[in-house]
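Both complexes below contain chain A, partnered by chain B and then by chain C.
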Partner chain A sequence: MALWLALYGAAAAANGIAVIVNPDSGIDSISREEVSHLFLGRIKHLQPGMPALVIDTLPLRQAFYQSLVRRGIPEINAYWARLRFSGRTQPPLQIEDAAMVIERVARDRNAIGYINGALVDSRVKTVLRLED
Partner chain B sequence: MAPWSIHASRRCCALRTDPLTRAPDVGAGTATSHQFGASVVWRTTLLILFFAGLVGILVALASTVMVAREERERMKQSLVELMETVERTASVAAFARDEQLANEVARGLLRNGAVSRVVIREGENELAAVGDASVDTRTVTLPVLTLPLASPFDPAERVGELQLWPAGERIEHDAGAYSGYIAIILLVQLVVVVLAVAWVVLNVVTRPVKKLSDDLHLLKVGSGEQIVLPPGHRNDEIGRLTEDINSLIGRTGDLLAAERDMRAQLEESERKFRLLFESAQTGIFTLDGEGVLQDWNPWFSRMLGLPAHGDAARRYALGALLGDDTSRLDALMVRTLSDQRPAAADFEMPHGTAGSLWLHLVLNPMPGNLMQGIVNDVSEQKRAEASAIAMAERDPLTGLLNRRGIEHRLGDALASLRPDSGLALMVVDLDGFKQVNDTMGHDAGDRVLVAAARHLEAVVRRTDLVARIGGDEFVVVLCALESADTARFIASKIVSTLARPVDCGDGQSATIGASVGVAYTAAPADLADKLMRRADDAMYEAKRAGKSQFRFATGS
Partner chain C sequence: MKTRHSTTLCLLAILLSLSAAASADNGGQEPIWRLSGFGTFGAGYHGSDGLTYRRDLEQAGGHDGGRVGFRGDSRIGVQASASFDAGWSAQIQSVSRLDSEGKWTPQLSWTFLRYTPSDTLDMRIGRLGVDLYLDGDSRHVGYAFTAVRPAPEVLGVVTQDLFDGIDLTLRRPAGDGLLSLRLYGGRSRGDLSLYGRQYRPPEARRLGATLDWVSEGLTLRAAWGDTYTTRDTSLQPLATALASVPIPLAQARAAQFDTSHHLTFAGLGFLFERGPFSAQGMFSWSRFSQFPTYHGQGANVILGYRVGAFKPYVTYSRVSLDPSEETDLSLPAPLAGLQSAYAGAVDRLTMNQRSIGAGVRYDFAPNYAVKFQVDRINAAESILIIDSRGMPARDVGMTLYSIALDFVF
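So, the complex of A and B:
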């Protein structure tokens, strides 16, 4: 399992992580900072008036946050633990499978997620590619 | 407190009761402060308490200020630490723009009593603001504390700030209470130390010194008493002071005794000298440069009729007392003072009804233009001298002047001759006297001589002079004659008178005669012996002419 994870991670790293949104969202590209603000709850909307649906892909979570803000999962968890106490800012929805993430993003115009770059298909639009 | 002290203060109070009850408006404070100020014990104690209290109050004030400042600083530090404790959470709240979390943090901070208001900002956005916004942020208390909040993911990115208003009144109150507490501890410590110092000074220094002072004050010098050494001070300065005082007392006593002895000796010798001075049968006096008497002894006052003691109001001039009209005393004083050597002179002063007093005066110069004098009564000597002189100039048989006597007086008579008058000198030689002497004896001859003398005296005036200058040779001097005629008349009267028989005693009588030579002059320049010779020559001429007659000298 560990070996698989390592291989998977290596493969993901090789293809990069793609941040994806609904093609109908009207968003063509998004900056690295905006992505981090979205995933850490600082920016709460993709479209005016509608709360953004932010989705974590569990197997890629470590690589994603490491690449984005250079922090480990325990730190990210601790951060969310503080915010969850207030209940106003919600952490990203956590989904196990990349296919389900794609399906969810394809369904919702306010959704944003990330998947292995190799798995991106036409149902979603890549707005940022994290190489590291 | 020692018994003596109690007695002293009780006595003081008892003494003060009376004036206080009589004059209540004077106030008890005057008496009390006087009493306190007079005692070294009270004064030292009060001074120690006063200065220590002053210092204590200053120290307490200074420490209050410093402690309050320190306390404020400490509180500020603790507030900063409090802010740093919640910094992470506040950063998260600011980063996530989470008002809920921000409020949670702010309320948590506000729960601290030293915090009056908390504001958490995200950019211009106020995420949370709790506490009393109307709090007056006075500058005297702590300023508003501001902590910048960085992004939890990028320390370089500033996402907001945490502002905290310290609770001024609360901090002041706490700081004041703390510094007050410190001040009370300081004051208590100070009071204890001061009381200890005062007690030690009182018992170790002041009270022994006061006891020494009291003992010394009540000590009778010369009675042999000594000061008692205060117990426990044998080896320190107070012990040394006591020993020194005692040795001084001893020495003073010795000095006093020596002085008493010396004074007694002095009084004794003074008494002796006074006795000498007062009982001396000599006048002793002092005189100033103007001849005014200053002191004199009883003999002097008796002799000169002065009071026994001098009187400052009266000035007795010695010259006036002596009846010195001719300023001989002044000359004597001048000589004494200028030569600075003793000088002496005799003075005759009228005394009693008829007599006179002869005083021998010796003046000794003294410092300060003064003179010391000695006076002796030399009246007896003077009288003896005068009578000796008189004896030497008298003929013992007839009582007339002798040759020396007439020569002595003739000079004076000539000298005092006035221009409009003349003087006659007669030499009277008895005729037939040798025969009386030979036949009837010396006694009869003496009687004849005495009778002739009485006759001559009877013929002339009292102011004229009669002398016997040889065995039967007499001289008569007529003074102050208006003309030679008077002399002629007197001479003839002498001749006729002496021609009568003379009673020689034993029923016998003798008849003699007299040959008289007269020399007359009106010139005072004439010498006595020349006049005498002329009269003598004229007498011999009368003898040759047959005796019992008179002849005028040629040129008279």
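So, the complex of A and C:
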């Protein structure tokens, strides 16, 4: 399992990681800082009045946070422990595979997630691409 | 105890009724409750027979000299949290650890209803905590900390870090980060163990403010807090006895023991994380206004470097808390007992302690970490290190070995 996750992450890194939203969200692009704030729970809205549903793609989590904030999963988990147990916010929803992430983002205007750049299709819109 | 339980029940009743109101506001949609928790199973050993090392003043005990002890760092907490639409959420948290009575009675901690209408505004009501800790706003979530425990020299002397009240956080972008200002106020909660006795401060008002700037790899924090206590009669028997002594200075000293006082804290901190390297520092100033006025400073620095699942780190911390007023008083020999009681009272918070430590954190599985840490602690006076009667230790040097399993679920 660990080997598979590592291989998946490496493959995704080769294609880049696409941060995706719903095409009807009204968002065309989003800065790296904004993505960082959203996925680390510092801000909770995609736009004013639009609470964000933030989604982690489990197999890609290591590569995503390494690329976004240069931190490994143990540091990210410890970070979320700080926030969860002081009631600041809850961590992103964790989904097992990219297909399910695409489905969720495609049906929820408030959702934001990330997938392997090669898997993006017309049901979702790429708003930021992270390279390794 | 009755007051504490009734406050808890009152808090829960308010929380549940407001949760119901929030749910009704949301078209009756049921909130999604999530259960989670955290814990530490920790052991410690030092060779100073007859002395107990405590990580904070709220615990009656800790690591006893000459044997492996599990009481000081072990704890467990459970939490239920719910999210509603329209920006409402709620949380109930309970923590069990060695308390000021030497028991493990679960205590209600972060329990509140929250309303977040936008990213710029956040409000909570219920049982809340002061945010002094750069690694998290609770001293109990070991998994969130790099080291085995938050620096006792700086944060272990902070008491009553919970309060029943409200807070308001305002947030806005600033540069490539986010600037937030948190204002809070309420009634302080918490007990402490001093001089071998449990001490429950009377009703006290807590006010505070925290200014944070958070960017991708840097967090800067300035914090201020004040606890104003009235009707603190703990030293009144001594004051009454001194007032009855026909010596002007004794009577003057008696008049100086006010029943109202402020405990004021100010702190500056930073947390820097870049790749595998992390550094954090905290500097604090404190003042206690009851006679004899105390002034203190504390500092803590932790440096860490992650290598795969391992994160070696070093720590340094120190605290000094000394009376800053004249306290001289010489009573006649027949009043030696009163003289001794007076000397103990004016010296009751004196503390000069420093520690240097090294350790390694091993994240061996998701949400599990083991830490091994060695601390060299030197204290000229310490209210954290106590003897078998609970009295403060003096001129102590000890090496503390700690191992802890931290987890969250």
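One rule holds for everything that comes next: the second predicted complex is superposed on the first by the 124 of 132 C-alpha atoms of A that agree within 3 Å, B and C clash if a C-alpha of one lies under 4 Å from a C-alpha of the other, contacts with A are read in each partner's own complex, and residues count from 1 in each chain.
Methods note: a residue touches a chain if its C-beta (ideal position, glycine included) is under 8 Å from a C-beta of that chain, and two chains touch if they have at least 3 such contacts.
Because the structure is predicted, anything quoted here is derived from the model rather than measured.
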Fit or clash between chain C and chain B when superposed on chain A
clash
Contact-wise, after the overlay, does A:Q90 reach chain B, chain C, both or neither (first, second, both, neither)?
second
Should A:G41 be classified as contacting the first partner (chain B), the second (chain C), both, or neither?
first
Taking the superposition on A as described, I'd like to know which of chain B and chain C A:I27 touches: first, second, both or neither.
neither
Counting only touches as set out at the top, which of chain B and chain C does A:R82 meet: first, second, both, neither?
both
Comparing chain B against chain C, which has contacts with more of the residues in chain A?
C
Looking at the overlay, what does A:L119 touch: chain B (first), chain C (second), both, or neither?
neither
Which partner does A:I73 contact after superposing on A: first (chain B), second (chain C), both, neither?
second
With both structures aligned on chain A, tell me which stretch of chain B collides with chain C: 3-11, 21-29 or 129-137.
129-137
So which positions on chain A get touched by both chain B and chain C?
36, 42, 69-71, 79, 82-83, 85-88
In their complex, what parts of chain A are in touch with chain B?
36, 40-42, 69-71, 79, 82-83, 85-89
So, in the complex, the side of chain B touching chain A is made of residues 88-89, 92-93, 95-101, 104, 152-154
Complex interface listing, chain A residues touching chain C:
33, 36-37, 42-45, 48-49, 51, 69-75, 77-79, 81-88, 90
Which chain C residues qualify as touching chain A in the complex?
34, 36, 38, 77, 79, 81, 83, 85, 87, 91, 93, 110, 112, 114, 116, 118-119, 124, 129, 131, 135-138, 140-141, 143-146, 171, 176-178, 214-217, 273-276, 278, 306, 309, 311, 363, 366-367, 369, 408
